[in-house]
Amino acid sequence: MTHKIAILGASGYTGAELVRLIATHPAMQITALSADRKAGQSMGQVFPHLRHLDLPVLQKIEDLDFTDINLVFCALPHKTSQDVISTLPRDVRIVDLSADFRLRDAAEYEKWYGNPHTATALQREAVYGLTEFYRDQIRSARLVAGTGCNAATGQFALRPLIAAGVIDLDDIIIDLKTGVSGAGRALRENLLHAELSEGSNAYAVGGTHRHLGEFDQEFSAIAGRPVQVRFTPHLLPANRGILATVYVSGDAEEIHDTFAAAYEQEPFVTLLPMGETPSTHHVRGSNFVHIGVTGDRLPGKTVVTAALDNLTKGSSGQALQNANLMLGEDETAGLMLAPLFP
Amino acid sequence: MTHKIAILGASGYTGAELVRLIATHPAMQITALSADRKAGQSMGQVFPHLRHLDLPVLQKIEDLDFTDINLVFCALPHKTSQDVISTLPRDVRIVDLSADFRLRDAAEYEKWYGNPHTATALQREAVYGLTEFYRDQIRSARLVAGTGCNAATGQFALRPLIAAGVIDLDDIIIDLKTGVSGAGRALRENLLHAELSEGSNAYAVGGTHRHLGEFDQEFSAIAGRPVQVRFTPHLLPANRGILATVYVSGDAEEIHDTFAAAYEQEPFVTLLPMGETPSTHHVRGSNFVHIGVTGDRLPGKTVVTAALDNLTKGSSGQALQNANLMLGEDETAGLMLAPLFP
Amino acid sequence: MTHKIAILGASGYTGAELVRLIATHPAMQITALSADRKAGQSMGQVFPHLRHLDLPVLQKIEDLDFTDINLVFCALPHKTSQDVISTLPRDVRIVDLSADFRLRDAAEYEKWYGNPHTATALQREAVYGLTEFYRDQIRSARLVAGTGCNAATGQFALRPLIAAGVIDLDDIIIDLKTGVSGAGRALRENLLHAELSEGSNAYAVGGTHRHLGEFDQEFSAIAGRPVQVRFTPHLLPANRGILATVYVSGDAEEIHDTFAAAYEQEPFVTLLPMGETPSTHHVRGSNFVHIGVTGDRLPGKTVVTAALDNLTKGSSGQALQNANLMLGEDETAGLMLAPLFP
Amino acid sequence: MTHKIAILGASGYTGAELVRLIATHPAMQITALSADRKAGQSMGQVFPHLRHLDLPVLQKIEDLDFTDINLVFCALPHKTSQDVISTLPRDVRIVDLSADFRLRDAAEYEKWYGNPHTATALQREAVYGLTEFYRDQIRSARLVAGTGCNAATGQFALRPLIAAGVIDLDDIIIDLKTGVSGAGRALRENLLHAELSEGSNAYAVGGTHRHLGEFDQEFSAIAGRPVQVRFTPHLLPANRGILATVYVSGDAEEIHDTFAAAYEQEPFVTLLPMGETPSTHHVRGSNFVHIGVTGDRLPGKTVVTAALDNLTKGSSGQALQNANLMLGEDETAGLMLAPLFP
């Protein structure tokens, strides 16, 4: 059976990445694409790297017919996303890639995003889309909320450790480096090649990045008590890739063992041998996560490093992984592409 | 049926690219890998981006058993390649990615490569591996010689025009820009990030680049008389991608029509609408070639631009395309991956 | 004596580059800076790399007092530039970095820039600012028109050859590669890091780039008859640097000798030994031009390569060189900075 | 008076950077250059960006005449450096850029560098070259030991805080990102453009990087008791620049005030307004350090960020700053070049 797929917001990077991945999926067919400001154009005009594909023309959302659609990927900006999803037919499954349904608490959402949530019933219904940790709920969910790409990376490096109680919950620092595509195809001065190439800087320093809302929610839920981490993202002069360097108090061997047990059966999460460190190069364009553990010279201190591709495992690949579960397909279908190196 | 595949010289970039592509091929299985200096290591140690794959350990060539091997990809340096291929069993099909069998004339080979050819019988037997133009011979060949990556790009931009007689054969210039992976994983000062990033320069200026041997051979054969082009390669601060800007004397409409006819049925060659120009971005990591045609303000002068990925269509993708033909598989099997952008 | 300097349009890259260069100039002081949309901000806010300098606050042009200003650098967009310069006091010397006064013919200006010229008297008065070839006129000029950065590069590679009659005037091709800062600090999708990094493409193919107006004007004037070149610019994934690869019909030795004679006394133009080729790396951030000459394997054909930094020698450095002449200072004052490598 | 300067090891990046800086120094003249493997070549052959300079030919060290030399910059590898410096005449002043004289304790040196120190008398005599904190000793020193580039960055972010007692000495983490030129012009696979561009990874994780020896020595000396920090360096896909993100326990206001007092008179150290963060872009090619302070959302936690250019302030610029002091020149002579941006 071939599932009919719609992608809303197909003119952004996550939309294009979905098309790239679904193009070779054995059981999915893209039958509708929306992009409001580029309605009427072909996908090949907006993204010439996809010109070899036979795809529907871009349309305005209000012109789409959802009758035969089995699943919608919603790659719209937050705020727009909640408005649009509220109007979709109830029998359509939805994977949302925006921030709108990541936080379960309406007040937390407003605190981090600055606007009140206008679809709180949907918000309560949504399942958090970090596949490896929410599989069962995702299978039966109508609406799955894709995670933040930074939030995903930090959680791969910390969830099993918090769950197992092997680290000090009050001494966690996530120093994260991210490629520029995480900011989307936005026309902002700091995203220009001339401003970014050959340099690096921190941003949203001191606990102001929105993905902290996800860390707070998830880590506290696992721990059963409030957990707040320190988190500093940095912009890398690279297009794809996130590297998280996580500083914890805990024993390196115990941490490595905990990861080994947690990720043993996971098709996309690779734990490196003790002391090795991952590189964003080695996951680029793929749905894989590489995790490294190294003990510090200071006893009881450990560094966990995690690398993934923000557009794939951090966003569109994760979304497809969730869609596979929701549609009863093999979880890895369309996602076993090897990374592109060099 | 699953074909058993060996890759010789698997520790270089073209070897790794072959593994990446074959990993999702429906009818091929890699059963032997060689890398003399890295024998005993796993592919995942040499190329961590391939660590998720279940692959044979790297061995020395002399330790490989070719009994059940159906096809060998030979990704060794030139000169080594002819020595090794001379020793392979006669019932094994071979796709060579080196320069050793591209030139049919032993004197030409020695002129461009500086050493006498030591396997001239094989040299005579080899079929030139530019798939789109040698399909029938490739299907039945025992030994196919993969083309130079620059040579492939220039030929896609010129072969149909020379064959159709629509351009002046004595006024052809190929100005070519190439990413650094074309030089392989060699430890040379000019390939260091610090020496290459943020800069560009021409090299092998004035008609000294070895791929001219292929241009001379192929273009003269098509024209039925000697054809010599001017050719200047440039190093781009990018890892993958070749862009050829080709200056010809001929009518743009006629040239565009000629390409349209020549490439109409080709699954991997896309002719852009008149006046549009390709970008290496839009073919990265894929087996596609994009070709653009633009008339100059000077009457009778035309610019042809062609872009492909040197490691894929320019080398390992082309090799796999040839192998598909040789083994009776669909020519596009394993090769319809969309480009990676951004 | 210290000359009082104003820079109009200081919030763009050429404005910032002027400040960088003048900062260590022994006889100039910046006493006024304009940037309409950023009026009220400090230069350090707009360009944090200049925060160590003691500079006047950015103002709107209409709020500037030109009473004590000796020389104005006008780094405004074309069209705006002619309007503003028309209003400046007659006793102020002006170096304009826009395209407004490069073309001496009003019809040519309108043809290439699409709008009629509204300051044709100034246009007639302006001196073309390619210092090495217009020194005497520049010394006494009130208004000097800085050249296009691509136009400068091509002219360094061709003017002496056309003047000496050593090349075929009807067979000239300029294939040019340029870094992204030449496009300015503009918010355009194709200038984003994610769209440009790791790729390359031609643009304005077929004779449509505006700098052709300068080539036509200058080369025809030197030759005493119409000369039209073919010219294709390409975007490099690099911030600074232009590399021109120029294909000519002419004898390499004669060409090299002609350059040697023409540039022997030039402090900023370096002719490389026969057969060597320049790199944009080796001129980055400096006012130097490197020129290479290589004979082709085809008799009578030669490749000339030229490299310079578009923001320095191609724009702001050239402007300062001209200002030095206009103010009676040493032509090289403030301009002998070595390139930044790596 | 013009001081006569020799540079030993001029064929590496720090040697070239010294030449670049000294080229415009008002009171220094380079009269001897050594590079053993490139002896007999000109500096312009080894570094074409310096071809405009009139420099002595590269020689072997044993062929140099030190009779008239006032000061030697020694840019040799560690271990070689101690051997060579031992043989220099006693009346020559020396700034060493290697690691050989940074650690005052011979056992510590052997622990971090793996070989016993063979010039322990010189080691005891050497002054640690972090100019801002050792000015008086440097002025009168015969031998000054340039600091590690990472070590310099971390110390600018921490020394005043440790001295003032405003942070918890047992809770310091330095997460550092560094450009590739810090590794020198070495032919190593991980420094190739194809392996580094578009990616990032941590290295020397867990307390094994040699610059920790400097942190231990200096921070403990300031505190008057052992201080050990956690330190993780990361490789950036950029040629120049170090960004240190330092996590401390302490009050942000108090920390900002402490920096303000410590750096108020420093010509090269700029404290940004509270909450702003530096970028390596904004110091590239210059001798400036930018420091930012931001309070975390967690009370009592603060993030300090520091950016400098590893080849300039982190190495050759620092060396020149020290040489200026040693020779009685203005400390900033030759060093006020503005950063190169973009």
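Just so it is clear, A, B, C and D label the chains in written order, and each chain counts residues from 1 on its own.
Convention: contacts are C-beta pairs under 8 Å (C-beta built on N, C-alpha and C of every residue); 3 or more make two chains touch, one makes a residue touch a chain.
Predicted model only: the values in this text are computed from it and were never measured.
Enquirer: Of all chains present, which has the mean Cα position farthest from that of subunit D?
Expert: So the chain farthest away from subunit D turns out to be B.
Enquirer: Using the stated contact rule, I'd like to know whether C-D or A-D comes out ahead in C-beta pair count.
Expert: A-D
Enquirer: I'd like to verify one number: the distance from the centre of subunit C to the centre of subunit D, where each centre is the average of its C-alpha atoms, in whole angstrom.
Expert: Each chain reduced to its C-alpha mean, subunit C and subunit D end up 36 Å apart.
Enquirer: Averaging only over C-alpha atoms, locate the centres of subunit A and subunit D and give their separation in whole Å.
Expert: That gives a centre separation of 39 Å.
Enquirer: Mind pulling the subunit B residues that touch 2 or more other chains?
Expert: Answer for subunit B, listing residues that touch two or more other chains: 13, 181, 194-195, 197-198, 237-240, 278-279, 281-282, 284, 342.
Enquirer: If we count contacts the way the header does, which residues on subunit D are in touch with subunit A in the complex?
Expert: So the residues of subunit D in touch with subunit A come to 173, 175, 177, 179, 194-195, 197-203, 205-208, 212, 228, 230, 232, 234, 236-241, 243, 245, 247, 275, 277-282, 284, 292, 294-298, 301, 303, 305, 307, 342.
Enquirer: Within the complex, which stretch of subunit A touches subunit B?
Expert: Against subunit B, subunit A makes touches at 13, 16, 19-20, 23-24, 47-53, 181, 197-198, 239-240, 270, 278-279, 281-286, 288, 290, 336-342.
Enquirer: Any idea which subunit C residues touch subunit A in the complex?
Expert: Residues in contact with subunit A: 13, 180-181, 185, 187-189, 191-198, 237-239.
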